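The two complexes that follow have chain A in common; it is paired with chain B in the first and with chain C in the second.
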Partner chain A sequence: MYKTPGFISFALRRITGIALVLYLFMHIWVIGSAVGGAETFNERLNLFQQPAFKVAEVFLLAAVVWHAFDGIRLLIVSQFKVTDTRASQFYAVLVLAALVTIAGGVPILLFMLNGG
Partner chain B sequence: MSNNGSQPTVTVRVQRFNPDIDKKPFLQEYRLTPQRDTTILDALHEIKTHQDGGLTYRRSCRHAICGSCAMNVNGRNMLVCNVPLRKHLDRRNRVTIRPLPYLPIIKDLVVDRSSFWEQYLRIKPWLIPPDDIPEKEFRMSPQEVAALQNAEKCIMCGACYSACTVVATNKKYIGPHALLKAFMRVLDPRDATPGERLKEVGTDEGAFRCHTIFNCIDACPKGLDPTKAIETLRQLAAKRQAFEAARRERQKSLAGPVPVSE
Partner chain C sequence: MRVFQLQRISAVALVVFLTIHMVVVHYPPFHIDFSRILERLADPLWKGIDITFLFFVLIHALAGTYAVLTDYESIAKFKRPIAGLAILLGLIAFTWGALTIWSFQPPV
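Up next is the complex of A and B:
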């Protein structure tokens, strides 16, 4: 593949998009169990309290944040036709997504480590 | 290319493929001693003349206007006729030359550009003038001429088309080259069919298939901006009828008699 920052951005958009769809199915599976009563709901929710899933939540946050910020970048490019600064835009999204992921991910991991 | 004792020898790796003989493409290495201003095309000529007469590639004008010599050098598409070889050496003093990606290989560095030309013809790249042809000239404003200038510089080399990730995955996609030409015709006030053109390119095989990856801009040897043209086409396609009406109005003054100043 012809590899450029634009290609990496596109690939990440696709990967995070698919990941979010898969997450959505899991989310509906868990939340939808509420119609079966508190016991069923708690049983399914407890499945995802394992440490591995807490770490996965951080990756989920990264996926959401990347997908959102890159999507906003595309809207800006589309509306204002700013193609000259495409490389800077890509790195700006990367840095912003990393900062938000760290800001949100650290509390998740600390909560997990403290036995929450 | 004689070794004057001051220029180091370099390795030129060229992708070879003869469909009559080879099962799959492979890289063949050649050693050269280029001068400081030797271009990559010069190096290919040297190889073909003195080392391997079977090496096959396209070239013509050798001053970056015909577009024949577009190739992939170290993973980037470019015209090889005006690019110094020494500028593209890696840390091991090598340069790797491959044919344009995502297109079928005919032989060595020559690719089949049929899909490229089919998509180009699909958008009807010629001017379709109005019925009312002026006696002398169409009176376009300097701003209208300026809006077309960049798109007119396109030399149809194929660098953008073969760098496009969407082209790689979807052969129905019109492609940045044809969309840039469509943009040029749509914005040309002399053209009488902007609505039909926008209907053709404002689809999910045209402007709306672009994923804004920007490879086309990175690959273009003329510094053109197909992505910007595609974004413009998207916006115009969304208000096609209004644009058509504005064009009809514009053409009334484009070819009519010169207004008499009082």
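Up next is the complex of A and C:
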């Protein structure tokens, strides 16, 4: 049971969901500091512009993309009762999420390597 | 309205808002600083987009957390207080966030 695409999809959706909620509140904490003026905002934002965080951004992108695509898959499955191809849909989401993560992650890493 | 319906409606909205957010705000990657915030929030349309985005993202995040937590049998008996807490947290975060975005003015 624990190795079925359905369970892996369920577990990944929950793990990425929890990670994204934690990120959301951190993001609001950073962006909300804009009301404190330029110095406060830039100071807080700079904490997250180190190379380690740029790499973390790629993982964040992967989590967002996976969560979104798998959510759309789930919506299609339950709304239109497309249940007989669930395993193939899971692998399609996996490939699509990997492709979008690469397409979005490479520019982030190149930007970091160029001193961004 | 049930929690899963809230999740679905907010999810569809988020696909749209998150795509706009990522494409406009983060791609291609550039150095983000205060001046970028000023540039975007000078436009009332962006303020509206950001407030709507905040609304859906809070619903999705809080309803999702509620669903994950109450899936555990030991926590499920506290469904009502957890729901109350999530609604309260959502209202506070939305009010604070929306007022912050709407009233944001470039410092003189």
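Here is the rule we go by: the second predicted complex is superposed on the first by the 114 of 116 C-alpha atoms of A that agree within 3 Å, B and C clash if a C-alpha of one lies under 4 Å from a C-alpha of the other, contacts with A are read in each partner's own complex, and residues count from 1 in each chain.
Here is the rule we use: a residue touches a chain if its C-beta (ideal position, glycine included) is under 8 Å from a C-beta of that chain, and two chains touch if they have at least 3 such contacts.
As the structure is a prediction and not an experimental result, all values here were calculated from the model.
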Chain B versus chain C on the shared chain A, clash or fit? fit
Check the residue A:T83 against both partner chains and state whether it touches chain B (first), chain C (second), both, or neither. first
After the superposition, just quote the angle formed at chain A by chain B and chain C, using C-alpha centres and rounding to the nearest 10°. 100
Of chain B and chain C, which one touches more residues of chain A? C
After superposition on the shared chain, which partner residues are touched by A:G6: those of chain B (first), chain C (second), both, or neither? first
Minimum Cα separation between chain B and chain C after superposition, in Å, equals 5
Within their complex, state which residues of chain A touch chain C. 14, 17-18, 20-21, 24, 28, 31-32, 34-35, 37-38, 41-42, 45, 49, 64, 68, 71-72, 75, 104, 107-108, 111, 116
Considering only the defined contacts, which chain C positions touch chain A in the complex? 8, 11-12, 14-15, 18, 22, 27-35, 37, 41, 57, 61, 64-65, 68, 93, 96-97, 100, 104, 107
If you look only at chain B, which of its residues touch chain A in the complex? 75, 77, 101-102, 162-165, 168, 211-215, 217-219, 225, 227-228, 231-232, 234
For chain A, which residues are in contact with chain B within the complex? 1-7, 9-10, 74, 77-78, 81, 83, 86
